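Here the structure comes first, spelled out in structure tokens, and everything after it is commentary.
Chains here go by letter, A, B, C, D and E, matching the order in which they are written, and residues are numbered from 1 within each.
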Amino acid sequence: MTSEKVVDFNDVVIVYDDFPAVAGATFCVDAGEIILLQGPNGAGKTTLLRACAGLLQIARGSANVLGCDLQTDRAAVRSRVGLLGHANGLFQDLTVSENMSFWSRLVGANKIDIDQAIDAMGLSGRLSETPVAKLSAGQRRRCALASLIVRRAQLWLLDEPHAGLDAQGRDELDRTLRAARDSGATVIFASHEIERAQSLATRCLLVTSGTVMPV
Amino acid sequence: MTSEKVVDFNDVVIVYDDFPAVAGATFCVDAGEIILLQGPNGAGKTTLLRACAGLLQIARGSANVLGCDLQTDRAAVRSRVGLLGHANGLFQDLTVSENMSFWSRLVGANKIDIDQAIDAMGLSGRLSETPVAKLSAGQRRRCALASLIVRRAQLWLLDEPHAGLDAQGRDELDRTLRAARDSGATVIFASHEIERAQSLATRCLLVTSGTVMPV
Amino acid sequence: MSQSSRKVSNTGTQATRVIGVLAIVVMIWVVVSGLVLTPADVVQGESVRIMYVHVPSAWIAYVAFIVTAIASAFYIFAKRHSLGFDRVAGASAEVGVMFMAITLITGSLWGRLTWGEFWQWDPRLTTTAFLFVTYIGYLAVRGLDGSTQQRAKRSAVVALLAVLEIPLVHFSVVFWRSLHQGATILDPNGDVKMDGLMLFTLFSGVVGFTLVFIWLVLHRQRTMLLSDLAIERGLDNAILERQNESARN
Amino acid sequence: MKKSMGKGRVVSAVLIKDLRIEARSRVVTNQVLPFAGLIMIMFAFALDNDDVLQRVAGGLIWLATIFSLFVIVQRSFAIDTVDAALDSLRVAGIDLSAVFLGKAIALTLQLMALDVVLIASAFLLYQVQVSAVGLVLLVTCVTCATTGLGFVGTLYGGLTAGTNGRETLLPLLLLPVVAPVLIAATRATEAAFGSGGAATSEGWAWVGLLTIFAAVFGIGGSLAFGPLIDE
Amino acid sequence: MKKSMGKGRVVSAVLIKDLRIEARSRVVTNQVLPFAGLIMIMFAFALDNDDVLQRVAGGLIWLATIFSLFVIVQRSFAIDTVDAALDSLRVAGIDLSAVFLGKAIALTLQLMALDVVLIASAFLLYQVQVSAVGLVLLVTCVTCATTGLGFVGTLYGGLTAGTNGRETLLPLLLLPVVAPVLIAATRATEAAFGSGGAATSEGWAWVGLLTIFAAVFGIGGSLAFGPLIDE
């Protein structure tokens, strides 16, 4: 029914107040790709990722994600993507396992998946009973990743997922993203760690001053 | 009068609530070094850096920074170090230049230094009149770095300074840290981007589970 | 953005000019009749003449807020969320707030003459003040940043909830024992207790204010359209600027 | 069937989350409650005259409740916005009207707990009296009024949550809307206390108004909340 | 010499920063003020009785002020803690008593602006009267009381800033300390208004108490603030 394209942006403009953070972006992503968005600070990577997640209004152009038009049907997109932004989206007063069970209740994940995700991110044991506010920065990021994993989204959107993770965490993250791809999901992520990111990605897009072009 | 050592930690223990985040750390840093703290998430890097800045209480052991004893005289240390933590320490409702002039007023930096720092971090023009809340994540980090630069501290403490910066920003950061070292300052920073960090550092220390050892 | 090609130089049309002229004529009649022809009241004396402004402005404020609600409903429930409805809603609310302010001002002047106080903690007065504040809040919501569609959606929700306060104001004299005049004209029992010419003047006032209301709303929604177009054009330039920036890199 | 179960699960997850965070952080207990108590005590001092006190008791209780409403609503959405959890909720693809209900119930329960304390202190400090019939009226009034406040607070809280500067609109929007609740609940409470010779039967008319209010904002909120925080 | 110039500069930098952020975010103007206004209006409505209103006017003004104090203090330190700017201040090696003074002055100015509005609304809504002598008393009372509140608010705000969960302690700590201010300022204001037949001269005794309070917390705060947020 829908096109094969997972993301199809055509001359898209996204505006904050009166500043066009994305000024005519055109690109497509096919199913099963792992796309890296690279580009300087303030280029518009975060804005693009949030737009793909259905969180931002498209001012001009046409944008289609997972077969849904972002102009008219952002709600439908949102239920099928998973987003890890710059912020973690965790509740500081709840423990890791409470956060996990909150998010997984909402998306209907089961106990085994949750434990597996907590385990994969190295947060089992003492850490899982620690309030998020008392974790180190990297541990918090791991918790956010764990709650993304249990979503089993069709489209994964990650904003600088490697930042803050240690070497072992990065390896685990790469493994997770590859596994997600293998099970049919599509991944788009932004990163400034070009080497590592390029070896993970199947294709790179360069974002500069609100426009997108292939590298 | 004081020892040549800029930092001299001897079997230092630092406790949160009842958890010893640093459990017997012993290491020294000489003047003019650029030290990399590497190690897994939750190892205690942030805790060590904040301790060096005089922000944390030392539970056991003896710690000496810039000739001041951390057990008795943390206030004296604080006036001579510059710290960039995981958070940026900026006021979200103020613009970049207002933030800069606030911090530089406190430390007595002059207008030229400020403009130079803003320029070096690529925040001049439109961006310098933008409220920090409306910047991208990397631009905010750049602003935090700029306000660290004008401090001209004797000891620079940076917690994952590369995270969030683009390639050009990283180069500029490395240049800045080397220049600081050349002008007599000492630098300690934590990072998970081992390759880049190792090429910058003059010596690496491995932090694991609250202890420190040379790499 | 089909409108952007249309040449727009002013906000008047043939229709607005006719309405404008009619409004002037009717209002002149109201002034003459209200100040000269109608008799003074037995109880209230000359001050009763304030009524010819006070009551119509209150009713037209109601009308304006109801128009806002209806336009908002059209915006929300129509398939194509048309910004035209949103502009009418906003324009009507602005004019309504103005009329409500006139009601409050004339009411308190009148109150000074009859009760000896500008303000009383009376249910009708208090609920009117709340209604006024509610629509100030509505206008503030319209002023929030965000895209025009976001603005429209947010404000439509507020408008649909806010209109529910009107019955509260209208029936407040029934709910609570009030100092304020009970329903004299819109009396549920239907017996109007008023002199014929006074009544005619009052209704002329209503007609005149209605015409003024329509005239203002038509113009206001046109200026809103124009400012939306100006913003679009500013955006065009900003997009070009940003694209050039990217080409330079 | 499946769908409605899903909704119930979301409502309870959100409700439990909000209450658990309150249990941990104790913002309402330690900040709002003492202040509300202070209002009651101060008035007992300022007007130490039983007649006047009994006349103002109802008004004070509801005035204190409405202040607390502002603080609790702000807190309730601060929890979600501080680390962008609200964004995560929005992309979780869940029925946002369930989030609305969950948050509204949590808010209502907190307000109710507060009102119990306030009413108890009115008994202690102001020597108000209540008959059995009055008590039934009182309980119904508290239930309806706090439910209405819970709904309207959550709706407008959602409308103003998030973007910088929007929060400051909250009181402007809430004030005129909650004013009728203040009046109706005060009158019903006065009727329950029999202060100023008000009859209990009069109170029920006010409770009716409160019920209508709660229903309007319950339905309106369930419908509007999603689109509002969704943009 | 050098040292004291430096201190003045820090005080003014902190003061300007706090006021500028308020000017941008308008939290006090749009949130606290309507709230305080509501207290005044609601009471006028609830006790539609001029005698009682004039009797409670003084108390209401100061109750509203103290409530606003809590909100403004919390806001004042939230500005500094949200992105760990307080840590940066601590490592800036500046004289923290200057930070204390800067923040306290900003707080006092905001409270004063608020009180002007509250007193104006008391004139409008409650028909209170004030003589020329009364006005002098009133102005002095507002100045002393808000200064005292500014000092004590900043001191305890600093004590409870930062670490999670500590914020909730603020009202508990502040309530007993500000209670004397509430009473003294209320009595002085009543004397200024001549309500309940209080003589103006009586008011000056209470103002004396307020001055002592301000002095104690001004000095105590300057000395203790540094060590407190410094730990």
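Criterion: contacts are C-beta pairs under 8 Å (C-beta built on N, C-alpha and C of every residue); 3 or more make two chains touch, one makes a residue touch a chain.
Small disclaimer: the values here were computed from a predicted structure and weren't measured.
Asker: Quick one: how many steps at least from chain B to chain E, stepping chain to touching chain?
Answerer: Contact-graph shortest path, chain B to chain E, evaluates to 1.
Asker: Which chain is most central here if centres come from C-alpha coordinates alone?
Answerer: D
Asker: Of the other chains, whose C-alpha centre is the longest way from the centre of chain B?
Answerer: When every chain centre is compared against chain B, the largest gap points to C.
Asker: Report which interface contains more C-beta contacts, comparing A-D against A-C.
Answerer: Looking at A-D and A-C side by side, A-D shows more C-beta contacts.
Asker: So, what's the distance in Å between the C-alpha centres of chain D and chain A?
Answerer: 37
Asker: Averaging over Cα atoms per chain, report the distance between chain D and chain E in Å.
Answerer: Measuring from centre to centre gives 28 Å for this pair.
Asker: So, what's the distance in Å between the C-alpha centres of chain C and chain A?
Answerer: Chain A and chain C have C-alpha centres separated by 47 Å.
Asker: Any idea how many Å lie between the Cα centroids of chain C and chain D?
Answerer: 32
Asker: Could you tell me which residues belong to chain C and also touch two or more other chains?
Answerer: 126, 145-147, 149-150 - these are the residues of chain C that touch more than one other chain.
Asker: Two or more other chains touching the same residue: where does that happen in chain B?
Answerer: In chain B, 92-93 touch at least two other chains.
Asker: By the touch rule stated above, which residues of chain E touch at least two different other chains?
Answerer: If we look for residues of chain E contacting two or more partner chains, we find 25, 45, 164.
Asker: Could you pull out which chain B residues touch chain E in their complex?
Answerer: 50, 53-55, 57, 74-75, 78-83, 85, 87-94, 98, 102-103, 105-108, 131, 147, 151
Asker: Please give the residue numbers of chain C that touch chain A in the complex, ascending.
Answerer: Answer in residue numbers: 145-147, 149-150, 231, 234-235, 238-239, 242-243, 245-246, 249.
Asker: Quick one: which bits of chain A touch chain B in the complex? Just the residue numbers, please.
Answerer: Listed in rising order, the residues are 16-17, 39-42, 46, 86, 122, 127, 134-139, 141-142, 160, 163-170, 192-195.
Asker: Any idea which chain A residues touch chain C in the complex?
Answerer: 13, 15, 17-20, 23-24, 40, 57, 59, 208-211
Asker: Which residues of chain D touch chain C in their complex?
Answerer: 159, 163, 165-166, 169, 172-173, 175-177, 179-180, 216-217, 220, 224, 227-228, 231
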